[in-house]
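There are structures below to look over.
Each of the next two complexes has subunit A plus one other chain: subunit B in the first, subunit C in the second.
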Partner chain A sequence: MAALLQHAGYEEERLLRVAQQMPCREVQAGMLLSLMGQPQQYSYPSIFIYGHRASGKSHVMHVLLKELELPHATVSCVECVSVALLFEQVLLSFFGCDAASLLPRSPSLSDFVRIYRQQCSQSPAKQTRYIVMEKAELLRDTDANLLPALLRLQELVEDNVTIILLSEIVWDKFRPNTGCFEPLLLHFPDYSKGELQQILSQDRHPSYTAEFYSSYINILLGVFYSVCRDLRELRHLAALNFSKFCEPLAEGKVKETDTHKLWRNIEPHLKKAMQTVYLREVSSLQWEQMQQMEEKESGALRGLSAHTHVELPYYSKFLLIAAYLASYNPARTDKRFFLKVDRFNFTPKNLLNHLLGPKPFPLDRLLAIFYSVVDNRVAPTASIFSQISSLVTLQLLTQVSHDDQLDAPKYKCAVSMDFICAISRTVNFDIVKYLYDFL
Partner chain B sequence: EDHFTNGCEGADNSEIRFKLCQDLWHKIRADTEVLQDELNRKILDSLLDFTRKCSSTRQHSDWASQMRASEIPTAALVLGVNVPDHDMTFQSLSELLQQSVTPHVASVQAKECGALKHLMKRVLERLMDTVVTVDDEEEEETEQTSTQLHKSVHCSLSTLCDWYNAKTMKSKTGTPGKKRSSPVRDDPQQPPVVIIFKDLEAFNPKVLQDFILICSRYVERLPLMFIFGIATSPSTIQHMLPHSVSSLLCIELFQSLSCTQHLATVIDKLILTPQFPFKLNGKVMQVLMSIFLYHDFSVRNFIKGVQLALLEHFHSQPLSVLCCKKKEALLNVMQLSHHDLESIRHLLSFRRYVEKQEPQEQLNLFRDDTHLKEVCQKLIKDLRKYHKNYYPVLRCLHTLTSSLPRYPLGKQVRELHLICLEKNVWENEDYQTAMKLLKMLAKDELIASLQRCVEILQPVKSKKMKKALVELEELLAKFKQLDINSSWANITLAPRSHLSPPESQTLNEVCYYSSSATVRRHLNATPRTSIQAALSSPYYYLQNESLKTEDGTVSNAAPDICIAYKLHLECGRLINLYDWLEAYATVVSAAEGNNPDSDNVRKVEEVKHARFIQAVSELEFLGFIKSTKQKTDHVARLTWGGC
Partner chain C sequence: MSKRKLTDAHLPVGECITQVQEILRERLCCQKLPDRPEGVEAQHKHLLELLKRTAVHGESNSVLIVGPRGAGKTMLLKCVLRDLLEDKEVQKNLLQVHLNGLLQTDDRIALKEITRQLHLENAVGDKVFGSFAENLAFLLEALKKGDRSSSRPVLFVLDEFDLFAHHKNQTLLYNLFDVSQSAQAPIAVVGITCRLDVLELLEKRVKSRFSHRQIHLLSSLTFPQYLERVRTQLSLPDDFPDGKFAEDWNASVKTLCEDKSVEDVLQRHFNSSKDARSMHMLLMFCLSRVSVSRPAIKPADLLEASRLCFADAKANMLHGLSILELCLIIAMKHLNDVYEGEPFNLQMVHNEFKKFLQRKSNSMYNFDQPVIMKAFEHLQQLELIRPVDSSSAKIQREYQLMRLMIDHSQIMEALQKYPQCPTDVKQWAMSAFG
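Let's look at the complex of A and B:
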């Protein structure tokens, strides 16, 4: 397999080490290496690598550049809240902090190019320099000229430099409509089940044999492969459940080779993990505690979504109910519900409004409904209005119109049917009777 | 203090009253703070444990925790919707953290972190105590000046990492001896960096996600930790963060005490105790309670309300000089001026007291100041005794009735307290049903609750209570011998002598603050109503005789805006501006006494026109109308109703 990675200009030994560190990615790495050429040769100006989460993009790049000791700068685009940070990090890792401090405040792209050229004339590149940009999809949101300029940075700075963009999105979504230099595209496909098995088996527990761990991974994949193919997530799950898997072994009930018994022991456990830890209902720390006190049957630990009960002040509840009614009832039906005349019979519309989701409503409609649902007379005090805005900050209501718009603000109700039913039960209000969809 | 003295009723003793008021308030505030600290203790302690545990597991290097190392430990702290109260909790939390776990604590609020770089900047600033530069045009000037003072740093987490390493290295070289001498403390070399998000709901989800993503890149080098302050329910985390982000966190849940329980304790310790001489009467209590339950759930605001009542009481009631500790009060009685004594004589409760006395005594009370002072001393002592007896008996009654089905006298002590404040509790219907239910109670339950009553009465020192206690114990003994019928009278009679409402007590005005309307007006403002009142009856605020009219009409001489307002009430949803102007001109010229048909009218029209436009734009400013595009020359009304 190391044969794939043979390449002129690099030591055999190093290439071997590289190959060991990235199982199942030899093809891509070989491809990359041939694109990069020998260290002193000029390389292609920009390379675009895409593939799903945890398909080894960053890992491969990192290992290659590190092990082959090539000059490089790795930048995560999430972190670069401004372009200045990006420029600074690049200059810092190529030329040291003196160069980075030359950048003016809020530098422009041309400042960056100027300083880069100035620096590289002092210390010209003997080897290709690489700039790796992780999460490159965020570059689309920055200045329009940044991405095209980075793609042909080699021309601009007249240096042997290559930009490598890593992204989860295909290149077609990047292409600016003004056109730009086309990078070389390279796809990292998802790992197959066998590959996952091979990779996961590598981080085995030091006190158990490799075969034992790999049989564990086999069982784990059997349960989780259908729902999750994310390598990181699987690795996490493997780590969490391994101690449980070893339990019968420690008690001396079974031998390491008795896979079937081990499987019988762990399978229900993994199923449970799928419903809790995998969804992050329960944190991994709590999961471990749960495993320890399994015998006592800990029913006390409930997931995050189990806690949905929210206590609200009395009028806030009614405001929320009014908001819900305003969001899900058509405005023309208000008269029928809230005027004290006998109701018309109208045909139900089969949950139409609930399927469409909440609709925005103006403030005065909310208050009109509020005053007709709340049973006693309420003065329109300042605190009623402040409750509306505190409901907005609690994200139970959302403001649809812009913040600056003072007159006639519009809101939407952001709570679910179950939630509002629970709320109205606490104030003895039969909300279903007032909902157009349920008549 | 000047404000207090100015416009104060009975200025001569205002200084004493101010001092009393301040002392009392300081005491109340100190007590509530202690109380709140105690209430929060449990949850804060568990949070501290959590942070300690997290920082210590980080140092372990066994296989399992290494596999988990990339997760950021996170505490989700559910605090309830009473947002105003949270500040104090977070304050004490960060103080405690700084004292016992780590010096690196930063707390951020949503409103200061609109964008990722602002959040980053705040976090770095608070952790490193330096000014961080963000390339932001609007802050240019402030930064230029600050760069000279501080060493400015670039805003990224790698800077923070370097800083943290430098810091920990320094402490390592600085205190090498300490480490060996105190191995009990869990590794002071690697204190975690705690970031507190005070109001998670208000954060922009995108900003938070990016921030967590960035942090997770650095978590290996930097022992980060988050604390989320959540007001609604923990499921908001799932609403805000996608799976890819929340999988980077290791979330543990902490639930704080509910605010109703919190309030119950505060009332228990603050109101239902003879310790503080200042009291609230039933209506004021009711107002404060309803603000709490109906509007904000905020204990802090409740205490603010008590403070307001306190201030108002000392400000407006000259006799409040007697509202203090027993000895001081007795002293102050002796120093009352003739004027004060006159006002005592006018007190409703005092007059009732006088009417019960002999004619000779009545004369004495009205003529002789020194005699009156003596009587006052006696009355104040009586009032204190009444309070001393009232609260224990109240609690007894509560323990007896709170376990009854359907809670005829309320679930909480405060409800019973309100009933008692209003009128004689034994005349209440609910009281009768409660007593009936009590008779039907099983014997062992009754004995248990009576036993609790005994426990309540035990620490009380007054004579009457001692007697009651003895009686109760006898009763208990009788119950145990199945002798029920004979002793019923006792139970039902006991409250009568002690739970009479405070209004029946002489000199209650000294201690009880009764102006519920003031409290309501100050705490539960109604801006809309005031504006409408001002517009529809300007006399109410301007106090100008010429504006006085019968209700519903506006005099012609009223300000322009009032006339315009009055006229616009007669219109529908859309108002024709020209018709409005015509009507306005007619009213105004009638006020000036001109004949509307004369030629003069045309000339003045321009002035009137201008006045009208001003009135209309004022109405627009107040939010009664707005311009509309539905119809030319029309404006839309924004309020309903009218004549």
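Let's look at the complex of A and C:
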């Protein structure tokens, strides 16, 4: 089989090793190699590589630079909260810690360029030096001069250095307003379904056959592919659920080739995983424990959102219901709902209020609705008002007005329709009858 | 038949290709100075005259070189300096200070840099002593003490000149122009900027001390000249070690430029931007495909390079979305059509999506709200949708208003190329009423 990666300046076996470590990315790696050229030749001052998450950008760069032993500095912009960290990392990787210690206390870009020029006049680059910056979209949030200066670094320091920026965001969103040195743009396309299958099948467990694992991956992709194409997430899900897949095999109920029975066993499990682990409602540890616990105890699995269902006191529930009604009914319709005499009829509308979100309401309106909704007579004591404050602390209500306004505070209701329906059921209140959108 | 004097050396093809790559890369990537700058002879002459007057005759001057990005301003200055320094006297006497607006973001830093580059007495090795005020006073003293006959001329080059105009009080600019107007040590101040309206940025007192001399580099290339420029950029020089190879290469470049499809591609590039830098990017892509197995540039290479240059980045990203995310984008497109570009939130998009699902018989895409929320957040991280205002403190996530940052035509184009797109999704996208 002819080597997929070939280039004049690099040895064949090294390139073969490189190609083995990056399946389905040979075309992009070849393109990158041809742009990089031979080590002693100049390359374009800046290259911008963009593509979806987990499409192999960092991986390909690291493998290429490490296997071919090219001088490089890898910087993740997430770690560089201040530019000093970036400069230190670059000087350390290229010239050693003596150069990095020459940087003054809070170095500016000017200091960095000056020290770099001094160092490279002492040790000029025999091979192209590469600076790889991951998550480059964070560079936009630093000083305005950093990104344009880095793009021209080759010209500013007069050395054979190339900057490679890796990002998920397209280049059009990076460009500064007066323009800059445009980098070469390279796209890493997403993996197709077949390529995902090929890569995920490489993780196979040694004690099972490759076809068995491929059929498992097939089923997994069938459930998750329409929702998520991120390689890292799929690998994680594959690793978590494989033991459950092999369970009937271990118990001896089915053979390896009985794909239909295996599918029937795993499919509801994967659907449940989509609602819990995929959304990080439960942690992976909890998920694995639950798998071992069998069905009789699996009802005890509580996701993160279940923790918001606190048990509220009686009047707090009515306060919350009143708040929900105040948020989602327009103020002029209160008369129709909360007076004893019904004289108006309205035509049904689409769910416009529910689509736009909750509206703020003053405290007086909340109390007015509260008193008409609660069936027995309630005295306006301080305990009612303190329950309103505790609802705000629980983040079931949001305070919209400023803290200084004591006489007319405004609130918004921050719960969903399902939550309020559950609460109203516990107090035997039919909330749908009172909502304007559901007339 | 005359016997031309070719070099007898015949290098192997691999060696030739390496040499070609090295020469062309130096030209395209690190912007090696050409022997004679093309198309800017008048500007070259003007600038050279000006700098000679400062360097040789001791006259103070200031000038601004203005032109769009990639027009060749820095290259012009470097060529002029190279020609200027051919004179031995000038080489001995002229002092140069090079500042860049991107690096020297502050007058304090700029002053330290000037002191360092001029090797004044308050700079020992690399360290500059004294405060900003002391340094400024020292520098001005040093410059004021001289006169045309006894002191050396100084050339100040200010790259990204418009950034210097943003410094506090424009102190540095004021002082430099002030010295250039008064009869003190002869200095020349050359500013390089890409902004045509740079004079509006200067304060009144600074503007009045500036000589208002501007050299414009607005390219007036015609398409045949552009083609010729492409040919010369790709041709090998006469002193190439293997003469026969160089001849073959130059001949193939000539036929390449005469090919009809190549001309169409270059016309397209010429129409979008005439400057040298975008041409260099295109040629760099072509050059990267040259190797031992393909020792010449073919028209297909140029077509492929052009396709890479003009690729729509957002459409590429749309190609990698999952089906659910694509459906959400189509729902947003329909909302934009119905409500004429008003911002939307997740609830509205979900509602629209549910209307589509009600019409379909199978419930394959019946996902829960949290799963749809995760897909929506992914789109937000890719910056395909953006919140209308950044105050997200008091609004719940599903009610935050957003705008779609993709054009309708990009969505339709992406749908055509999407792999295994279900037909009902496509039909939904193309239907007028959502």
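Keep in mind that, in the parts below, the second predicted complex is superposed on the first by the 303 of 439 C-alpha atoms of A that agree within 3 Å, B and C clash if a C-alpha of one lies under 4 Å from a C-alpha of the other, contacts with A are read in each partner's own complex, and residues count from 1 in each chain.
Please note the rule applied: a contact is a pair of C-beta atoms (placed from the backbone, for glycine too) under 8 Å apart; a residue touches a chain by one contact, two chains touch by 3 or more.
Since this is a predicted model, take the numbers as computed values, not measurements.
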Touched partner set for A:Thr381, first subunit B, second subunit C, both or neither: first
Partner chain in contact with A:Asp190 - subunit B first, subunit C second, else both or neither: second
Subunit B versus subunit C as contact partner of A:Tyr44, first or second or both or neither: second
Partner chain(s) touched by A:Glu311 [first = subunit B, second = subunit C, both, neither]: first
Contacts of A:Arg365 with subunit B and subunit C, given as first, second, both or neither: neither
Contacts of A:Arg25 with subunit B and subunit C, given as first, second, both or neither: neither
Which of subunit B and subunit C A:Lys57 touches, first, second, both or neither: neither
Subunit C-contacting residues of subunit A that also contact subunit B: 279, 305
Interface residues, subunit A side, partner subunit B - complex: 53, 76, 78-79, 81-82, 84-85, 88-89, 105-106, 203, 205-206, 232-233, 235-236, 238-240, 242-243, 279-280, 283-286, 288, 304-305, 307-316, 364, 368, 379-384, 386-387, 390, 393-396, 407-408
Footprint of subunit A on subunit B - complex, ascending: 63-64, 67-68, 71, 73-74, 76, 78, 80-81, 83, 115-117, 120, 133-135, 137, 154-158, 199, 201-202, 210, 213-214, 217, 231-239, 243-244, 246-247, 249-253, 255, 258-260, 291-297, 524-529, 623, 626, 638, 640
Sites on subunit A touched by subunit C in the complex: 6-9, 31, 34-35, 37-38, 41-45, 50-52, 55, 108-110, 113-114, 118, 143, 145, 148-149, 152, 154-156, 160, 168-173, 178-182, 184-185, 187, 189-190, 192-193, 225-229, 274-275, 278-279, 281, 305, 351, 354-358, 398, 400, 412, 414
Subunit A-touching residues of subunit C, taken from the complex the two chains share: 14, 17-18, 21-22, 25-26, 28-31, 68-69, 74, 100-106, 109, 113, 116, 126, 162-163, 194-195, 277-278, 281, 284-285, 288-289, 291-292, 308-309, 311, 313-314, 316-317, 319-324, 345, 347-348, 351, 364-365, 367-368, 370-371, 374-375, 381-383, 394-396, 398-399, 419-420
